[in-house]
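Letters A, B and C name the chains as they come in the text, with residue numbers starting at 1 for each one.
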Amino acid sequence: MTDAVQPTSGLSLDRVAFSRAGRVIIDGVDVTLPRGAFGALVGPNGAGKSTLLHLIASIERAASGGIVFDGAALPTMPRRERARTVAVAEQQSDTELDLSVVDVVMLGRTPHLGAFASASATDAAVVRDALAAVGAAGLAARRFHTLSGGERQRVTLARALAQQPSLLLADEPTNHLDIRSQLSALSLLAELARGGLTVLAALHDLGHAAAYADHVIVLAEGRVVAAGDPATVLTPELVLDVYGVRAAVLRHPLTGRPLLAFAEGSPAAAETSPTLDLESSL
Amino acid sequence: MSATVRVRSLVLSLHPPEATIRRSVVPLVTLAASVALLSGCAATPEPSSTAAASGSGTDTASTGYPLTVDNCGTEVTFTQAPQKVVTIKSTTLETLLALGLGDHVVGSAFTDGPVPDDQADAAAAITSISDFVPGQEATLALEPDLVYAGWESNLTAEGAGDRATLAGLGVNSYVAPSACKEEAYKPDPLTFDDVFSEIEEVGAIFDVSDRAAELVAEQEKDLAAVTKNESGLTALWYSSGTDTPYVGAGIGAPEMMMEAAGLENIAADVHDTWSALGWESIVADDPDVIVLIDATWNTAASKIATLEANPATAELTAVKEKHYVTVPFPAGEAGVRNVDAVSSITDQLETLGL
Amino acid sequence: MTKAGMTTVQQAREAEVVKTSRSLPAAVWAVILSVLLAASIVVAVTIGPAGLTAGDVWASILAHLGFGDPTLSPLRDGIVWQLRMPRVLTAAAVGAGLALAGAIMQAVTRNPLADPYLLGLSSGASVGAVIVLVLGVSIALPFAAFAGALVALGFTLVLAGAAGRITPTRTVLAGLAVSSVFGAVTSLIIFWSATGDSYREILNWLLGSLAGAEWPAVAISVGALLLVGGPLLASARTLDAFAFGDASAAALGVNVDRTRWLLLGGTALLTGAMVSVSGSIGFIGLVLPHAVRLLTGPGHRALLPLSALAGAIFLIWADTAARTLFDPRELPVGIITALVGGPVFAVLILRSRRIS
């Protein structure tokens, strides 16, 4: 049964390509992310992570390839319906306008409201729940521009949740956050995924991807170089290959998930990658 | 003289060709009812003739109403002589006062200076509603049946009211024909015949053609009595301005008066009534005489100060020799004071020993 | 009972926090401004150089509406019904239209300094209008003005874009360049075709004036407000979605490009119609939306209609000042709006510097 549903459930990209100003940004990307999975999109700066998220949300149009979610092609879906299906939490979300936090999260209700319709009690409840879900209920009455970077990040996530999407795309959701907030943001995404929401987050920190994601997609120069289970994908060879950095992959003593440790050095030095033993170094 | 013949297609066709020349303004009267009146006015073009008033060719001197005139391209119909007139600019007020129509004026506006002495008493009784162009409400509040303007630009929505708007409210408007700007109506050049024609037309509108005829006859006599200056002097007609002076040019009232006084206008080749002229070309021409226009807001004395302060103009012959002739601003525009102004100019030249 | 009451109060307070954090709800402001607008029309028509009593003025207006008989002479009645009434109504419609256009442009371009006047639309509209007037082409004046506004807007945006990333400052500078050129073209056309003392006409177009506003002007300005302004009000929620930029708006289901061009086209059409009856009156689109934001915040569902109401009230009184302050002379109303708008513009520049 599960196998039969697989092809039409979740997110699937088929040879997606995109160029900007004659430069190829995304070069034939295939991705499969099961429904309810937390996917991490990793890769060096300029690999095309943000662009790929934009293509999935149809903010920018792919030159070719298929983008399907739960059996429906996203690029051809009516806009408002698409905005009720896919939400994007942007990386650096800011506005010149003097908006309250509630105003900002209420924007997420846009695809659910008609041009003249007032926000209903339901909309207010969704907004309240979204703020509560990101642990920002206490910020409701604050002005958005007075918030710290971490608070803004959470409110931006709440706005995306207020769209009540089935697919959540998050671009660097841990940016600007202190370590505790980073971890709580990531566990929130993981929790949302467990609740049935399909999550795809672009992450800089391989350690975060290893620690929280169900599925890791490694992007380099617009191509997928590896994808799958974190433990399978995040190998020292891949890290060296993609980032040019030496790494050791351990088992996290507390969670059992992969744990990455990095060291600077020439690629040549990596040939003799030392075996690090966390237990013995303690 | 033929230069004064202006083409007014509709109007002219109602008239025998010989009824042109100086009468050319009178054919403004177009209604069929007034054709009879007009056809009698193919009067002699002799300036000395006193048979000048409209209709005086026949034995009637009274105006038949309704009377329609083509005024700068706008048809204006009078069903009776206007009783409540607002005048804008000095020339219009002075024309009415000269015709003894002061009691028809309910308000004057934008006067450029005091009226001549002989009109002072009549003028004292008239309310001045504005030192500048009045707004339309301020004008209409006097409930005029005619707004008589010296310039076309006085009659705009921002001024005393658009002509069409005034007409819609039942208020007639009349612009001094010498100030018409439309190509077919603009006097090019302005002549004393044009000035007299306006007096006659206003006389006809107010049903005082006899008085108008007398006034014109008197002015023609005075003009004929002027002794033209024969010294071959060149002159600048300095109207206003300091950085770039505004001067009398080749086709307007200044040129008309200078020519009558025997002065050669250094700006005669500029095809305009008045025009801005650079100091450089004035210095290059070095006029023998400077005619200074004396306005309350820009006096002759201040103009002399300007001329003497500027090192370039201080070297002009006329400035060094103080060859100044003064003309009051209201007399500098086409109107009943032009003839006096000409004789005053020649008198002043004589006093200066020129 | 007490306990139940407490809970209700608490719930209400909570709901209020979620709904809005402003002092007065937008609906209350809408009522206040509507009443003020009606009162402004009622009072402004009784004010003018002609010194008519309010009773006479209203007897005259009611008589034209079919109630009772006028107490004024036909000419004074004409002052009320042919001059003042259409002028006050045109002022209201033009003020509303320009304020609405400004509020929408600020949202679409994400530029707090956007305004039909500063971005050159008004100058472009003037050129269109003047060309039609001079050539006597049989195109409706508002459409020619619309075309002019659109061309000017295009120039401004292309110029701002060509200079690099489109920033508010670049856009305003580009608008300044474009409006200078279009202003000069207007002056040139009038001088070239001048039959009268053309400077007055030039002033009229460049500074804006409602002196010539009669019933046809009411038809054009009110018609444009209803036909173009009405649909533009429906864009409020879409404009809210632009708060965090184009990508964010697109993610919220907005067709960004189509919306932007439709709304900019709509503001150009609205501006063109207003300029064709009033010349380019400045700063209304800049000042009023910012003032209204102080009252109700930046949410466009409140901002758009309230800016329109406030613009109407503002221009009615600015024009009343223009026709009475220097009685018996009239001032072009654009001088008054610029005297108010210039300092506000300066404050906005200072404030935007502090933000960035």
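Note that a contact is a pair of C-beta atoms (placed from the backbone, for glycine too) under 8 Å apart; a residue touches a chain by one contact, two chains touch by 3 or more.
This is a predicted model, so every value here is computed, not measured.
Between subunit A and subunit B, the least number of touch steps comes to 2. The most central chain, judged by the distance from its Cα centroid to the centroid of all protein Cα atoms shown, is C.
Centre-to-centre spacing of subunit A and subunit B amounts to 85 Å, using the average Cα coordinate of each chain. Subunit B and subunit C have Cα centroids separated by 44 Å. Multi-chain contact residues of subunit C, defined as those touching 2 or more other chains: none present.
Touching two or more other chains at once is no residue of subunit A. Touching subunit C in their complex are the following residues of subunit A: 54, 57-59, 79-84, 86-88, 90, 93-100, 102-104, 107-108, 110-111, 113, 115-116, 118-119, 124, 127-128, 140-141, 163. Those residues of subunit C whose C-beta lies close enough to touch subunit A in the complex are 15, 17-21, 110, 112, 234-238, 240-241, 243-245, 247-248, 250-255, 293, 297-299, 301, 355. The touching residues of subunit B, counted against subunit C in their complex, run 109, 129-130, 132-141, 143, 151-153, 156-159, 162, 165, 168-171, 181-182. Against subunit B, in their complex, subunit C makes its touches with residues 48-51, 73-76, 78-79, 82-84, 194-197, 200-201, 203-204, 209, 211-214, 323, 327-330, 332.
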